[in-house]
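Shared between the two complexes below is subunit A, which pairs with subunit B and subunit C, respectively.
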Partner chain A sequence: MSAYRADEDYDYLFKLVLIGDSGVGKSNLLSRFTRNEFNLESKSTIGVEFATRSIRVDDKIVKAQIWDTAGQERYRAITSAYYRGAVGALLVYDVTRHVTFENVERWLKELRDHTDANIVIMFVGNKADLRHLRAVSTEDAKAFAERENTYFMETSALESLNVENAFTEVLTQIYHVVSRKALDIGDDPAALPKGETINVKDDVSAVKKVGCCSV
Partner chain B sequence: MEKSFNLLHIIQHRRDGYGFALRPQHIQRYREYANIYKEEEEERSYKWNNFIEQQAKSNHSTSSEEECRGILQAEADELREETVFERGREEDDSSDKNSDSDGSTKSYPGKEVKLSEQPEKEVHLSEEPEKEVQRSEQPEKDVQLSEEPEKEVKHSEQPQKEDHLSEEPKKEVQASQIQERETLLSKESDKEGQLLKETKANKVQSWSWTRPSLHVIENMMSSRVKNIKDMKYRLNTINGDHLPSIKETGSSGESSVAEIDKELCIKETSDDNVDKSTEETNVDSKESPESFFPWKELEFLVRGGVPKDLRGEVWQAFVGVKTRRVERYYEGLLAEETNTDESKEHNNSNAAPRKWKKQIEKDIPRTFPGHPALDERGRDSLRRVLVAYARHNPSVGYCQAMNFFAGLLLLLMPEENAFWTLVGILDDYFDGYYTEEMIESQVDQLVFEELIREKFPKLGGMDLWTLVPLHFHQYASLGKCSPSLGCSSF
Partner chain C sequence: MKNGGSDPVLESGEELEIMEPNGIELGHKENVYEFDDLVNGTDVDNEDAFRTRKRPDKDGSGQVSVMEVIAADEKRSDVEYELSQKEINLEKLRRIASMGLPDGGGLRATAWKLLLGYLSPSHDLWEKELTENRQKYAMLKEELLLSPHTEIAEQIDRDLLRTHPDMKFFSGESSFSKKNREAMRKILLLFAKLNPAIRYVQGMNEVNAEADSFSCFVRLLSDSVDHFCQQLDNSPVGILSTLSRLAELLKENDEELWKHLEFTTKVKPQFYAFRWITLLLTQEFNFQSILRIWDSLLSNPFGIQDMLLRICCAMLLCMKSRLLSGDFAANLRLLQHYPDINIEHLLRVAQDLSADTSSYSLSL
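Moving on to the complex of A and B:
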């Protein structure tokens, strides 16, 4: 609650989604990033949950509204409704379970079907702390990310490894896209909200307005 | 988990009355309000008990059936002996399960539950006629496999109760069936015996009847269930087997029990017998006891919350567990698993079951993690209930969120009761919500979105907030339960 007021002050609000197979650690990535918490005994995510955190990019405050989704396949019909308006995604797999890596392509398709083509995607190999159990090599994952033209990072929510980096990188990239588009448009001050807007939708549509995410 | 450990937690207010851990930031407030909660709970208990007593009284005065049952009581010895044996184990099981599960005050665990098992007598008495049939038609089986024949007869007995008109033809069917069954049984008897041992060793048979005072509500609610059960029985007769399990009814997994049920439903609407039975159970019917039932008062009580020690049983009464329950069905589902597993492990035909089994395994430790009731034994129960449901209804199988339903139920009632309550909730109230397509969930989501747009145009764009289909699960996964099921928010 104490952070509540600070939450209100931001220049940009970006909606991100966390997707990937069940049990890869999406919820713990989220809790690590937003509350610096990790729970070995976490509960299954049903449907969707969300959390927010604001970070500074350049001289701007960027608020991330992050939607965490249920991993079970059949929930995609429900969770995909929450992809709308997302400008960034973290597609998570578990480096110790190869099948979660194999399923990444389907998740990617899911994203591309339901989100804007310009969405910033970070491919995240989580549980990198379990070195002796690794089943997906960094090279394979990197190659995949290059082929699919996404960003890539290996993380450990448990060891707090790269979690901050992964989210910050996505938010920064989105910010760059948005501000570059703003520059392209020129000196139209109306194109960008300057902090006065608190409505989630307005902000997201403002992003759309400047052309980053024309549907 | 040790009882003392639990008590320690309660005393220190680390857990609430249901054993859920309190968040550190809430502990202070919980302490402050602890007395108020206690008073409120006492008031609730008082009101509910009053209501139930009144209902029980008025019911007794109107029903002569009760007396008939009293006479039959003497004949129930054999049956009772059998169940007393089961109960013995059950009590061990449930008493310590309750002591770790509810984690409440000293007065709660075990005792309450045992009290509630009393009505068992009455219920068994009502099954008395069935035993008569059993004796006359197949005495030898009593020796061979005590439980099998009873079930066999029971399947066909239920429709008889419902419509006396069709009694005759059904008996014929029944007789031929029994013969088939007999040969089958003798073949399977060894295997069955083994499974029986297995399941008993696993203590899956824990089942207890609800307290008699709740029978009035239970009977009311059960009248809504009867038609469904009727269908299930017919399903049995169609398949000619003792358990209406999935594999037997829906061959490839494409055609489901639900679909068959629907088909049957269509057929049944043109059936005189069903018309008759729906007339009988019609709420508005003048003769019906339901019309005298103080629904308003009950609704008021439910809205005020169900006291903790009644909650598990009230839920069961509300979904009509007594009427739903088919003897040995639950054990059968579990046994089926052990049977098919070995033979089909390397077969591709059970890809779906393997999928949901994996998901269940993932979710078991992620269901109310840290709750003292969900220790190793509690998790085994949870696994069995979920697996059994998946087998019962393969068109759903397992869907995340069901783990929280089942987990919550297991905190409040014995395992098999939890299974039947889960069946009642998911098959009736959440029909179509958790299937592979989750159609009903999607419909709710869209309807809610539309309503928000209409009623709160300023929020119109906030489709981000379409949380309604997740209403129950969200609460459940937070360790709370939905107001629609009568939980308080604490």
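Moving on to the complex of A and C:
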């Protein structure tokens, strides 16, 4: 489905942001997806970190430019600038810490305040490998995702579970929106300027459904 | 006072520096350092306990010459001599420190305390001051740590486990590292209590290494504390204006590079220099280099922030050719994972910048 590709070789460039409370595992989701690495003792993210990876969707190369933001409250005012131009987001909570699930609403509001209304959002319950410590049920999270009209998956960056799926799903959905839009206008999607981040102006919600991959 | 003797030594030390072309990548950062007992050097009497292992020779040509060893020894005796004076000449100490302090023997620990103003230049007062300060700290701890703010405490605990996981001083389950983490935990909690507008901000754990450290930490952050304060983000002393000062400084010194970053590739200082500045460069280099950089930060007569901005600007200038040929993604990746570089060269570039950041720096 997807393979690591040379950086310059892509048809679409989509900007994604990773948001959620401090310590939920955003940076490890990113490193798992972009470098297939996991670090139990990774440093806290200060400001923003950035990585890219290209995947194949249909016959097109989609390059994801992923911005991993600092989770602590204090950094929000600054990190909001990083949202500009984002067409997809992974909103992450920790299934073993209920408070990180409670805070998701605030994150969602902030995201919607700073991005295009049609941004594709994947709600991600990370650390699903810690089964004995679970504090947030899959049902609760699924209900939330349905209510907020976002996608939903539970992941484990440690066990490499669903990480690929979560990112790929977001990228694929964005791709569908963009290519459908291009089709509607009778435009060639490949003609879109390279290197420009594509804004999802179309109505994404029409194609949204809750993808469920609980573990 | 010893006159004339020290300068030639420092100069010859400089000549021995091996210059590297800009932007050369020297491989991965090595973690071969024993912790240099950041501020609490006084507790360690055995010099071997914190001697750093020599970095592998970059050129493999055995460039660590006899001359270099002699220069290092002379530098050490210079610092030892200065620190043994009844009245320490801060001016002179600054000058020596700006060229890099010697590792081991607690010299750096003592010099940093002096440079931070935690120790007075009068040797005779040290014992009294240190005793008083340690008592004060013990009292503060008793008063304030009885009922720690749980949310802050949890955040601190999470971050402490993620502080320099590659260094024995902080990580692992040894009683040594546990003791250090506990000390840091108290320092950060206390700081949060005493600074309710700032409390605890992620990243502070990177800056601090118990009573002496606390006071030094407070003094160290007094210069950059406004960066941690959200209410000040948009004020002239906040982080955003510091970031734009960096852009100004770059523009003044290299307009071509400034244009390329700011407009062509749209790599804003916010994306890479935020961490550089708030963490005083502690996440960008290997530990030995960080110590060397801090020697320069603390010894700068115009204050920590002035030198910090100069070094940040120099970091950009030293990567000029790579940055000019890079696009947004490549440049961001490069600046967020700054390659190994000859630190002495970097600091010289920083020192030689034409602009005067002190005019808009409010520090000192």
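Basically, the second predicted complex is superposed on the first by the 182 of 215 C-alpha atoms of A that agree within 3 Å, B and C clash if a C-alpha of one lies under 4 Å from a C-alpha of the other, contacts with A are read in each partner's own complex, and residues count from 1 in each chain.
Assume a contact is a pair of C-beta atoms (placed from the backbone, for glycine too) under 8 Å apart; a residue touches a chain by one contact, two chains touch by 3 or more.
All figures in this text were calculated on a predicted structure; none of them were measured in a lab.
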After superposition on the shared chain, which partner residues are touched by A:Lys15: those of subunit B (first), subunit C (second), both, or neither? first
Applying the document's definition of touch, where does A:Thr52 land relative to subunit B and subunit C: first, second, both, or neither? second
Quick check for you: in the superposed arrangement, does A:Gln72 touch first (subunit B), second (subunit C), both or neither? both
On the A-aligned overlay, A:Ala81 touches which partner chain: subunit B = first, subunit C = second, or both, or neither? both
Quick check on the output: what are the common subunit A residues between the subunit B footprint and the subunit C footprint? 22-23, 39, 41-44, 46-49, 65, 70, 72, 74-75, 77-78, 81-82
In the complex, subunit C residues that touch subunit A: 155, 158-159, 161-165, 171, 201-203, 205-206, 228, 230, 233, 239-240, 270-271, 274-275, 278-279, 283, 327, 329-330, 332-333, 336
The subunit A residues in contact with subunit C across the complex are 7, 22-23, 39, 41-44, 46-52, 65, 70, 72, 74-75, 77-78, 81-82, 195
The residues of subunit B that touch subunit A in their complex are 359, 362-363, 365-370, 399-401, 403-404, 434-438, 441-442, 445, 460-464, 466-467, 469-470, 473-474, 476-477
Under the definition above, what is the set of subunit A residues touching subunit B in their complex? 15, 22-23, 39, 41-49, 65, 67, 70, 72, 74-75, 77-78, 81-82, 84-85, 199-202, 205
